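Read from first to last, the chains carry the letters A, B and C; within each, the first residue is number 1.
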Amino acid sequence: MLKAFINNIEVEFEKGLTILEVAEQVQVKIPTLCKHKDLAPSGACGLCIVKVEGSNKMLRSCCTEMTEGMKVNTHDPELVEVRRTVLELILSNHPNDCLTCGRNNDCELQSLVADFAIREESFNKIVREVPKDLSTGTIDVDPAKCIGCGRCIEVCQQIQNVWALSFLDRGINIRMAPAGDIQLADSPCVRCGQCSAHCPTGAIFEHDQTRQVWEELQDPDKFCLVQIAPSVRVAIGEGFGFPVGTNLTKKIYAALRRLGFQVVFDTNFSADVTIMEEATEFVQRFVHKKGALPLITTCCPSWVDFMEKFHADMIEHFSSTKSPQEIMGTLCKTYYAEKNKIDPGKMKVISIMPCTAKKYEISRAEEMFASGYQGTDYVLTTRELIRMIKQAGIDFSSLEDEEPDHLMGDYSGAGTIFGTTGGVMEAALRTAYYFVTGENLKKVEFKNVRGLEGIKETSVMINNIEIKIAVAHGLGNVGEVLNKIKQAKKNGDPLPYHFVEVMACPGGCIGGGGQPYGVTNEVRRLRTEALYDDDQKCEVRCSHDNPFVKKLYKEYLDAPLSEKAHHLLHTKYVPRPEYKK
Amino acid sequence: MGKYKKIIMIKDTNTGNRTSRIYDLFLNSLRERGLEDDVQVVRVADINFYNKGVVARILPDNITYVKIEESDIDRIVRISIVKDDTVKDLLVDPKDKQMRIVLRNCGIIDPESIDDYLKFDGYKGLKKVLEENNRDKVIEELKISGLCGRGGGGFPTWMKWNFAKSQQTDTKFIICNGDEGDPGAYMDRSVLEGDPHSVIEGMIIAAFAIGAKKGYLYIRAEYPLAISRVEMAIEQAHQKGLLGKNILGTDFSFDLGIRLGAGAFVCGEETALIASIEGKRGCPSPRPPYPTINGLWGKPTVINNVETLANIAQILLNGGKRFSNIGTEKCAGTKVFALTGKVKNSSLIEIPMGITLKEIIYDIGGGVLNNKKIKAVQTGGPSGGVIPEEFFDTCIDYEGLQKLGSIMGSGGMIVMDEDDCMVDIAKFYLKFCVDESCGKCAPCRIGGKQMLDLLTDISEGRASCDHVDQLKRISKAMQKASLCGLGQTASNPVLTTLKYFEEEYKEHIVDRRCKSGKCELLFIYEIIEDKCKHCGLCQKKCPVDAIDGDRDNGFMINQEKCVKCGQCFDVCKFEAISR
Amino acid sequence: MTKLTLKNFDQETSKEEKEIKNWVKVGMSTCGIAAGADVVMETIKKAVKENGLDIKVIKTGCVGKCYAEPLVEVKVENMPQVMYGKVDADIANLIIQQHIIGKKLLNDCIYLVAVKDGKNG
C-alpha cells in the first residue's frame, strides 16, 4: 500500500490507481463527463483536472496515476472556476432541450450544470443542426446533443468490438456516427444499446414506444398480455429509489396490472421452456452425435446479430431454440389463445426487457411469426417501463405484492438466473444432467460459471463424461472463444468446448443496454446477486421440474423438439452483411 | 581573381540609391591610377551588412569597410588597393552572426549523395559511438551538451532517451517528427531536403542509445521532395551498411521506415503522431503515460524532431562540451528559424542561442521591408505569441521568450509592421488552431471556436469590453484544461496581443476603428484636403477608378467604389490619405 | 557499393577523390525549384556542355537565403567563390559566359561571398 494526500487527507491506496479513483476512497468526488468506470480514460471533457504539488499544470485525474507521497488538491477556487468555464463551454455547444429530452432529470451534464449553479449562459450558443438517426427503430441518435465524450465509441469499439460508431469530422464539427456517415441501421450495429447506457446526455437514446403501448392498452378491442424479463426485476428499483439489487418481481406484476394489462406473465417461465428445448438440443448433439458441437446459446439478439454479421461460419453451432421472449410471444398467441378461446389477432404481447436489441428481435426472421401473427408486438426497456409507471401515477414503492397469472407466470430458479452471465449455462446444465442421467443434481449450483470475469471456462462431469464449457459476456470477449473453436476445427484437434454461452452485454442482461443508467461492475454484481438470491428462494430450481412447463408439454407440445415444438419454438439463422449496400 | 588582381564589391546598404554613384567614383579613381584592368569593381545585391551606409569588401584580402562616403573612396583605393594596407576607421569585422550546426551541410553538399555527406564528416559520429559501444556514454555526452528538444517543448533530450533506455523490453522505437505545420515555418523541410543523412545518422545513434531496432520518419505528405530525398538516403545508407543488419559490421541492427502525415497539424503532437502511425484517428491521448514508457504500439518510444536529431551526430563527434559552449549557460547550441513576414531578407537562419531579436531582424534579416515601421515579431507559430519592438533586446532562449508570453516553438519567426493589425493577427492564428483542432477535448474544441467568434465580433465592430474579459476567461480554461499542447497554447497569440497591444483592441472595440487597415469594416480611406498637393498619383494608381476629381479641384475617394486595397495610401508621398 | 565497417570506415571515406576545382551548385530544394531553379539548372547544364567546360554542376539543398532564390554558387579556379541570387536563364547564361569563361564577376547579382572558414571556402 502506498500513501499520499488528497486535500490534506492522508490516503492509503494500491499502486496503479488514478487520482480520480483514489479520491473516491476519501469521499472526494471529482467531476467528469467522459470517464466511465467501464472504460479507459480518454481525457476528453477536461473537468477532472486537479493540482499536484510540484507541477504547474492542472492534471487530468482520470488518467494520472496516484504515486507515493503525492499531494493533490482537487477543489480550490481556481480549479472550480476553470471547471465552471469548461462546463459553460460544453453547455454553449449543447441545445437547451432539457424539458423535452429523454434524459431530463437523469442527465450527467444537466446535474453538473445544476451543481455549479450556472444561472446564465455567458457564451454564444453554437449548436449544430445535424439530423437525428432514427434508422434502427431501437436506438435513436441525436448528434446535436453529443458532447464528444467518446464513451459510446469506446464501448462500441473496445468493449463490444462492433465498431459501428466512430468519430467523424473534427474540431467543432466532430460528432459520433457510423464510419462513412451512413445510417446506423446500415452499419454493423447490433443494437446492444451499450452506447445509450453509457451516454452521459440524451445523444443516444432507446427508441421510446411507451405511447404506442398506451394506445394498445386503451383500445377496448385489444387484449394485452405482458411479460417481464429476468433481469428487469432486480434493476427497476433503481428508478424508484430502492437500493441497487432489490428484487421487485411482485411489485412489477402489480404495477403492470394497474397499467391495464389483462394478463401478466413472466419471461422466466418461457426461459424454462427455452431450457427444455436447448438442453434437449445439447443432449442430441452431445450424446446422440446429431449436430455440430459445441452448441452455442442464442437467447441474446445482439449476439445473434453479431454472429450473423461477423461469424456466419458458426451458424451450425447455434442453438435453434428461440429466445424466452419469442417463446412467450408465440405461446401466448397459440397455447394461451387456444386455451382461453381468444382471437390471437386481437392479442397484443408486450415485453419488458433490459435490452434495446429485443426491439429488433421481434421481427428479425419469419419464425418470429410462427403463430400466424407476430409473436411479440412491442418491447419496452426497463427504462421505458419506469417512465410508464410514473406517467400512470403509480406509487410503485408502496404497491402491494401481486402474483402473476398462472399458466405462464410461474418459474423455476433456473429461469430467473437467465438474466445474468453464466445463468443460461447453469440452467441448461441442471436440466441436461437430468435428461442424461434421469436424476436431479444433488447440488444445482455451478459456481464456476458465475461472476464478472470476461471469459469463464470450466468443465462438468455427467455420467463420467467431461463436458467442456465456456461462458463469455461482452462481445469483445467472444472472439477469443470462437477463435479457439475455429482453430481446433481447422487443425482437427479435440474440441476446446462442448457448450458455449454468450451474452452481448457485460454482465449479461442485468447490464443490458435498456437498464437504468449508471451501470458499473459494482451495480452488475449487486443485480446478479439478487437474481441468484431469487433462484435460491425458489422451491423449484430446475426448468424440467416447473409444473406449468410439464403441463405445457403434456397438454400442448408433446415433448421438446417435437414437430409442434420445432415449428413454434425454433428459428433459423442466415449470414448478413456487416454493411448494407 | 581571374584576370584581376583585386576585386572591390560595393553596396549601399541603406537605400541602395548610392550604389551606382559610388561605383562610378571607384571606377574613376582606379582609372586615374591606371588600375582599371587590375581591379574589378562589382555592384553586389547583398553584402550581409544592413543600414551601414555604403559597404565595400575587398578581395582576396577579405577586408570590409562600412559607412563609406564619397570622400573616402580615393583613400580606400590609395591605401587598400595600392598599398595593400587597411583604412582603419572604416574597417569592420565581417563576422557572421549565424552559426551552422544543423544546417552545416545544407546548400553545400549534394543531398542525394551519401558520398558527399561522408566527405563532410558524415557518419563519423555514428562510427565513434559504435566503436566506443557504450550506451551510457552516449546519453552522458548528450547530458553534457545540454541539448533540448527543438520541436518547441525544450525538454532535455538526454532525459527522454534515458527514460526509454531504462525500459526493460526488447521492442522500442525511435520516431523522427517531421510533421512541420506552423504557418511560415519550413526548417524541417530544408534539413530533410538539404541534408537527410544528418537526420538519419542522429536516429541511428538514438536507436543505439535507447536500444531500438526500428524507427520511423513521420513526414508530412506535402513535402514530396523531402520524402524522396529521405527515401534515397535510406536506400544509400542500406547499401553502405549504415542501416539494416549489423551496422558498420557490429552486432547492432536498426532499420528505418517512412510514414506520411496526411495533413493534420495536430499530428505533430507526439501522442497524436503515434495514433496516426498506428493507423488510428490522429487524436492526442492523455499523458502520462509518456511515449518514452508507453508509446508506439504500447512500446517505449522516443520522438525527436528533425532539428534535434540533426544535432546529434555533431555532438557525439565533437563531444558534448563543445556544444554546450555554444549559446548561453542555460540554453546550449543553436536554433534554426524561418525568418519571414515583413522583413527584407526572408531567410532560413541558424543562430547561437542568446543573440537578440534585434540582431536577427536587423543584422541578419536586413530590417523591415519598404521602410515601414516595425510593430512586432511573432515567434512559435500558433502556439507562440507576439513580441513588441520594446522587447527586441530579449535574448533568444526558451525562458526568455516564455517570460514574454511567447515560446521558442519550432522556429517560425514572422516580422510584422504597421500594416499588420494585432486583432487580425490574433484571429489568424486562432483560426488556424480552430481549424486544426482534432475536436477530442471540450476546452479546445469549443473554447477555440468561442474565442474566434469573439475576435470576429471585435474585428467587425460588434464587440463590447465584455468580449475581452470573456477572451481572457476562456483562454485560461483552454490553457489549463485542454488535453494537448495545441489547445493549451492556442490562446497565446490572443493573450500576448491583448497584453502588448491593448490599445489596438480598444480602438477596435470602443472607436470601432482599425488603423492598420486590415479589419475591413472598421476603416475607410479618405483624402485629407489640407495635406493633399493635388499630384494625382493616387488617382492614377487606383485599380477600380474610385478616386474622383482632377488636379485643379482636388480629389475625393468614392466609398462605394473603393475596395480598400490601400494602394493610394501607400503611394501618397504627403501622407494625405488617412484610414 | 562496399559496405562500411568500423575497420574500413576511415580508409573508404577518405579515398582521395580527384579534387573538384571548378563547380557550380544550384539550390534545388522546394523553395529553389518553386522560384525556378530547375530551369536554371537545365540552362547551366546545357551551357556547360555546349562550351565544353570542365565544370561539375551539383544539385544542393537550401542555403537559407530564401529572398534571393534561385541561388547559384560558383567556384572556379582563381576566382572568389560567390553566390548569385535571383538567377534566371539569362543570368545563368551570363554566369557561364562572363564569370566562368570571362573570369569577371557579374554586377548586381551577387548575394554571398564565401567567408573563408574551411568548409565553405
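Methods note: a residue touches a chain if its C-beta (ideal position, glycine included) is under 8 Å from a C-beta of that chain, and two chains touch if they have at least 3 such contacts.
On a predicted model such as this, the values are computed, not experimentally measured, just so you know.
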{"item": "Centrality ranking, top chain (CA atoms only)", "value": "B"}
{"item": "Dominant interface by contact count, named by its two chains", "value": "B-C"}
{"item": "Approximate Å spacing (C-alpha centroids) for the pair chain B, chain C", "value": "25"}
{"item": "Chain centre separation (chain A, chain C; CA means) in Å", "value": "73"}
{"item": "Whole-Å gap between the CA centroids of chain A and chain B", "value": "57"}
{"item": "Junction residues of chain C - those touching two or more other chains", "value": "none"}
{"item": "For the chain A and chain B complex, residues of the former touching the latter", "value": "41-47, 49, 57-58, 60, 62-65, 82-83, 85-86, 89-90, 92-93, 122-124, 126, 147-148, 150, 166-167, 169-174"}
{"item": "Complex contact set, residues of chain C against chain B", "value": "1-7, 9, 13, 17, 25, 27, 29-31, 33, 58-68, 71, 73, 78-80, 85-86, 102-113, 115-116, 119-120"}
{"item": "Partner chain C, residues of chain B touching it in the complex", "value": "1-4, 7, 9, 40, 42-48, 57, 59-60, 62, 94, 96, 103-112, 115, 118-120, 122-124, 127, 130-131, 186, 189-190, 193-195, 223, 225-226, 239-242, 248-250, 340, 344-350"}
{"item": "Residues of chain B that touch chain A when the two form their complex", "value": "264, 281, 283, 285-286, 288, 434-443, 445-450, 453, 470, 473-474, 476-477, 480-483"}
